[in-house]
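By written order: A, B, C and D. Residues from 1 in each chain.
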Amino acid sequence: MSSDAFLFWFLALVTVVSGLSVVLMTNPIYSALSLAMTMIGVSALFVTLNAYFLAGVQLIVYAGAVMVLFVMVLMLFDLKHELQAFTRGRITGAIKIASVGILSGLIVGAVTMGLKTATTLTESASAANAAVALKTNPDTTRALAENLFIKNIFGFEALGVLLLVIAVGTVALSRSKGGSHARD
Amino acid sequence: MPETNLITDIGLNHYLVLSVVLFSLGMAGVLLRRNLIVLLMCIELMLNAVNISFVAFSKFNGKIDGQVMVFFVMTIAAAEAAVGLALAVSIFKRFKEVNIRFFEHLKG
Amino acid sequence: MILSGLIFLPLLFALIITVWPQRNTVRHIALGLSVIEFVISLAMLQKFDPASSALQMVEKTTWIERFGISYFVGIDGISLMLVMLTTFLVPIIILASWNSIDKKIKGFHAALFILQTAMLGSFLAMDAILFYTFWELSLIPMYFIVGIWGGARRIYATIKFFIYTMAGSVLMLLAIIFMMRLTPEVTGGQISASLLDFYKLRIPFIAGEFFTAQTLLFFAFALAFAIKVPIFPLHTWLPDAHVEAPTPGSVILAGVMLKMGTYCFLRWVIPLFPEATEHYSWIFMAVGVIGIVYGALVAMVQPDVKKLVAYSSVSHMGYIIVGLFAMNAYGVNGALYQMLNHGISTGALFLLIGMIYERTHSREISKYGGLASALPIFTIIFVIVTMSSIAVPMTNGFIGEFLILLGSYQYSPWVASIAVSGVVLGAAYMLWMVKRIFFGPAGEIVKHAAHDKEHALHDLSVRELVVLAPLIVLIFWMGLFPNHFMDYSKASVDHLIKNKMGYSLVLTGEGK
Amino acid sequence: MLNHELLIAILLLSPVVGFLLNGLRFRSKNYMLAGSIATAAVVVSFVCSVLLFLQLLDADAEHRRLAVSFFEWIAVDKFKINAGFVVDQISVIMILIITGVGSLIHLFSIGYMHHDKGVTKYFAYLNLFIFNMLILVLGDSLLTMFVGWEGVGLCSYLLIGFWFTDSAKAAAGMKAFVTNRIGDAAFIIGMFVLFVTFGTLNMHELNALAPTVLDSSWMGAVTIGTMLLFIGATGKSAQIPLYVWLPDAMAGPTPVSALIHAATMVTAGVYMIVRLDPIFIMAPNTMMVIAIVGASTAVLAATIGLTQFDIKKVLAYSTVSQLGYMFLAVGVGAFGAGMFHLMTHAFFKALMFLGSGSVIHGMHEEQDIRKMGGLKKYMPITHFTFLLGWLAIIGMPPFAGFFSKDEILWQAFSSPRGHWLLWLAGVLGAVLTAFYMTRLMALTFWGKSRIDKSVHPHESGLSMTIPLMVLALLSVIGGWIGIPHVIGSALGNIPNMWEHWLEPLITKIPAVAGEGVEHGDSSLEIILMVVSVVLAGLSAISAYVMYTKKEGSSAKVAKAFGPAYELVNKKYLVDEAYFAGIINPLVNLSRNLWYYIDVNFIDKATFKIADVANGGGSFVKALQNGNMQQYAMYIGVGVVVVLSFVLMR
């Protein structure tokens, strides 16, 4: 087993286990910490896929900023272990789990069915060359930047505007008294 | 084409399957959990799962666009988390409650 | 441009009304604007060439090119008088609602003008989609007029009215789309929604088989219009809508909106599906005749005077249907004339009932009695209108009813024999109502008014007389000189009757 | 000489002017002004009528026809009706009666109505009536006639219900209108039948086309058409089965009863048939029905008249009975005789109604003859004129009624379409008439006074007695223009001016060999005449004895007949039968239709359809439970479904 393969299996295990614990932990703090672990695993997976810049961003944005946000909010609410962490209802619960299961089964089935197509795709000459180039060339960051700032500059700028709006909106939301939708 | 070893030859499919598994976990969490914050976390999980498949496609197809898309997704995810949490905070301030079953105002 | 002007000026008026700054002059402005509209329609009448059966003052502009939908309006003898009726009634309605509408005045007048646009558009549109747009548009202001300014059960009535009419139009829309898909046969490949192209279609018809294109299309259209008219088993929305509607709403509903149904039979159903019309005319004859008798019988036992008049409308509309489907010159001319008559005399009846309701706040017949001593002028006018409604000669009602009966006699003597019973029953229920309200010893309301100074009954004011005078003049004018009115429509109706198996219209542009 | 078109225009419009002048100031209580305007309007019309009559006299017999068409009224396809009017031998008689008797009655009304609050309105209505009646008789087509036909019905409605605060009177007006409408509906269909058969409604053209009729059977178009027209006539002229409105119509002011319900309007049916005689002759079955209905009405109404105590009701039933005579006449083909009786009846019945009006006026609105008696000394003029009218109606020679009634009876016997049974019915009617009219005279004017002490009867003023006197004169001499040949030749060649005048317009019934009696059989005619006069005389004498000499004997007779008397007194319960058999079931049916079909079937059915939509909505609504996770689940399930559909394909 090559190091590549070992790395993949190890990281897969880490992400799946921590992902599972996000769902299963009844204490939200543990869920948050597990999610942080998952993020780190994903970031490492990015590295195995030669996406170094993204791996960094993943760490900074997710494991850094977003998770801190989550944890802070949790701390703010002072949430402890929950008795009713999961929804009730036999039928709906069954349907929920079944739909998740069937969905994942279907996707996996689709992936395996599409195996041949995928391999032929990778083996088609130009794609293969490009893939090799991408595999071997560690400098994907430059390529990413070029693509981002030339081809997708409009989307990039739009995202900037979106983030501005979000920032303003978030501030406005958290300053509000929770709306007028009184329950009583 | 020689027989590929499922364990040692890591290809696109491995990443995709991993992505699916993570996505399903996230989805199960969204469907099953009751805590609003945890729900948001599970959504993050789903988005990350998708990101994995994007990057994997990007690598195995030799196109950088996949990574660009991940970049966008991350931005959106961060924004969504911010707004979602802001909402959660504001709701919590008003109702002292984060259980999703509590918020059924959309009942028809 | 005059037709477009007629159609869209009211829309502009509605806009002016909504932004008008002074609340207390809104009525004056609305009245003035509606009179302007009427004067324009008179100018149009002046330009109209009564000798020609062609579609006149045509305007056609492409609207949605891909589907061959155009803005296409034109006028001929069939629609002319109904357009005149519409523009004529609106000022009267505005003047009649001077005191009775006291909330949301701006909204009311704006709705009225939008309604006028929609009605005129429905009468003038020569493009199926354009027509459908106006047809549906007419529902919305009416919905608000009944729903906002109506009586106690107005919400029930509006929803019933809306759903009934809507249910019919859906089928019609389907039929229109189906026919549009057929048009490339006659236009050389281009899809078209023009009514004139529809006229050219020869839709296959097999007698006796229900599931053929023409039969199905015929019934799809006929159902939509039958609900609007309304024809006998589909009439139950009408009494509710009338009872709950405010007076102006009742007048416009009875005066013009019901005519949209009958007019469309003449404009769409009969020329488009001649074989099906001929083959299934017995159904409409039957329901028409049943409507005449049934409406009259049920009207007789109504405790509410407005409901009584509403059921009398069902009876009168039965006459119109019988006249239309007799498919001969007498029947169709009579039906067209009866549409005007009904608009005027039933409109006047609703106005009168509205006026008395303003004074007594009751519509229950049993509470009245002896009103003739208290309100003599009112009584005289009411009796005149009643006479018009029961078709006494020298009033307008007689000409229409007589011609319709003559037409139906030519169709089948039996139909005429049953339909003529409406003449007797009509007299019975109307005069019984008149007797119970106006004659006899003073009833509860009159007695109450005699004791109570605050509720004393005042005879008609000058404003109310001005409202009624034109209607009374028309009742006699149309009864004594029907040719002054009928001459405008004769050419078109003759053309329709003579070419019913291959109807087409010639176009003439603006002017002559 | 004035142009006849102008004359006809003035003739028609003068009452309209009167109507408008009075109608527009209907609140006024100035009875003198209102009465003068109205009377003047009718007098102007009368002058025009006389001038027109003189014009006709000038013309030679074949061209006595003044036609005018003012404008085209209705013109649709082949159906063309002009506002056209014709003055000819028949209609000129009618307009003379209408405007002549009409002016007298207007004059009478000034005195009779002077205390009434609505006097101006009353005169407006009267003028309107005259206008409509003139249209009816002058109209050159059936449809123009129908305009007047309905118009007079309307005026009748307004005048019967003139004192509308009395519920019963308003109801009587309504009853009259609706009953007339039943006839009118048949009239309309009758017009259609004739129009479709002959292609015209112009009466001149119809009459000219009549000989082309081939099918005279029961189902022939002409028979059906004329039958329907006759049903129309039964409505307007109060024949079986539609006569019920006329007795109730006495609720109106008495001059109205005289003008509308005795002299003019109710004779419209007879007039219509006479106008269309060639057509009716082509339908022998219809004629037979007319004769039978006329004869039965004459007898039936007369029997009811025997038992009534309201002075106007007696006269009303008498009118119905006399109208029956006229129909009997036209039914056997004696159109001239029918018209003749129409005219004489107009004179003497108007006289009697006005006389009764004078009595009622003098008695302060008392109408019950049981509370009268001995009025002779209080009201000499009224009594004397009434007496002449009485003699005329019971057919005593040489009063007007004798000549016309005798002519009808003789024709009923001798005409090719006559029958001895019809004659017998006629004689029976005459005997009954003599009895109840004598009873009326006896109870009202003769015998002992039964007047209430609080009432002080007085003779009426001049405006009321002058019309009485004029009409009395006419009742005496009115018949002399139609003296039968048998008497005329006996008295020295007095010509039958009436017959001569009408001859060009009256079609003779083609004699059928072996049927009827030869016209020249004068001895038989005299015998029959004597028989009927003697019988009527005896009947009158017995009534006189019974009601003035032997008081109380009438009660004994009534007792002897017991239930039969009750039945007759209650008018054979016809009104009750109509109510129980037709009107109430119809109202109940309507209630049930409304309740069961409209409210409980159609509405419920549509609600059911709405319920389906509503149920679907509730089902979908249950899915929208507000639980966000449920929604997410739906998304999941949806994705699964779509994805599996895509993959399994």
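To be clear about the criterion, a contact is a pair of C-beta atoms (placed from the backbone, for glycine too) under 8 Å apart; a residue touches a chain by one contact, two chains touch by 3 or more.
These figures come from a predicted structure and were not determined experimentally.
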item: A-D compared against C-D, more contacting pairs; value: C-D
item: Chain whose mean Cα position lies farthest from chain A; value: D
item: Euclidean distance of C-alpha centroids - chain A vs chain D, Å; value: 101
item: Inter-chain centre distance, chain C versus chain D - centres from mean C-alpha coordinates, in Å; value: 38
item: Whole-Å separation of chain centres (CA-atom averages), chain B against chain D; value: 97
item: Chain centre separation in whole Å, for chain B relative to chain A (CA means); value: 5
item: Two or more partner chains touched - positions in chain B; value: 27, 31-32, 101, 105
item: Where chain A touches two or more other chains at once, by residue number; value: 87, 96, 99-100, 103, 107
item: Residues within chain C bordering two or more other chains; value: none
item: Chain pairs in mutual contact under the definition given at the outset; value: A-B, A-D, B-D, C-D
item: For the chain B and chain A complex, residues of the former touching the latter; value: 1, 7-18, 20-29, 31-35, 37-38, 40-42, 44-45, 48, 51-52, 55-56, 58-65, 67-68, 70-72, 74-79, 81-83, 85-95, 98-99, 101, 105
item: Complex interface listing, chain D residues touching chain A; value: 629-630, 633, 636-637, 639-640, 643-644, 647
item: Chain A residues within the chain D interface of the complex; value: 87, 92, 95-96, 99-100, 102-103, 106-107, 109-110, 113
item: Contact set on chain C toward chain D in their complex; value: 163-164, 233, 235-236, 294, 297-298, 300-302, 328-330, 333-334, 370, 372-373, 376, 380, 383, 387, 392-394, 398-399, 402-403, 405-406, 409-410, 413, 416-417, 420-421, 423-424, 427-428, 431-432, 434-435, 438-442, 480-483, 486, 490, 494
item: Chain B partner contacts - residues on chain A that touch it in the complex; value: 1-2, 4-5, 8-9, 12, 15-16, 19-20, 22-23, 28, 31-32, 35, 38-39, 42, 45-46, 49-51, 53-54, 57-58, 61-62, 65-66, 69-70, 73-74, 76-77, 79, 82, 84-87, 93, 96-97, 99-101, 103-104, 107-108, 111-112, 115, 118-119, 121-122, 127-135, 140, 143-144, 146-148, 151-152, 155, 159, 162-163, 166-167, 169-171, 173-174, 176-179, 181, 183
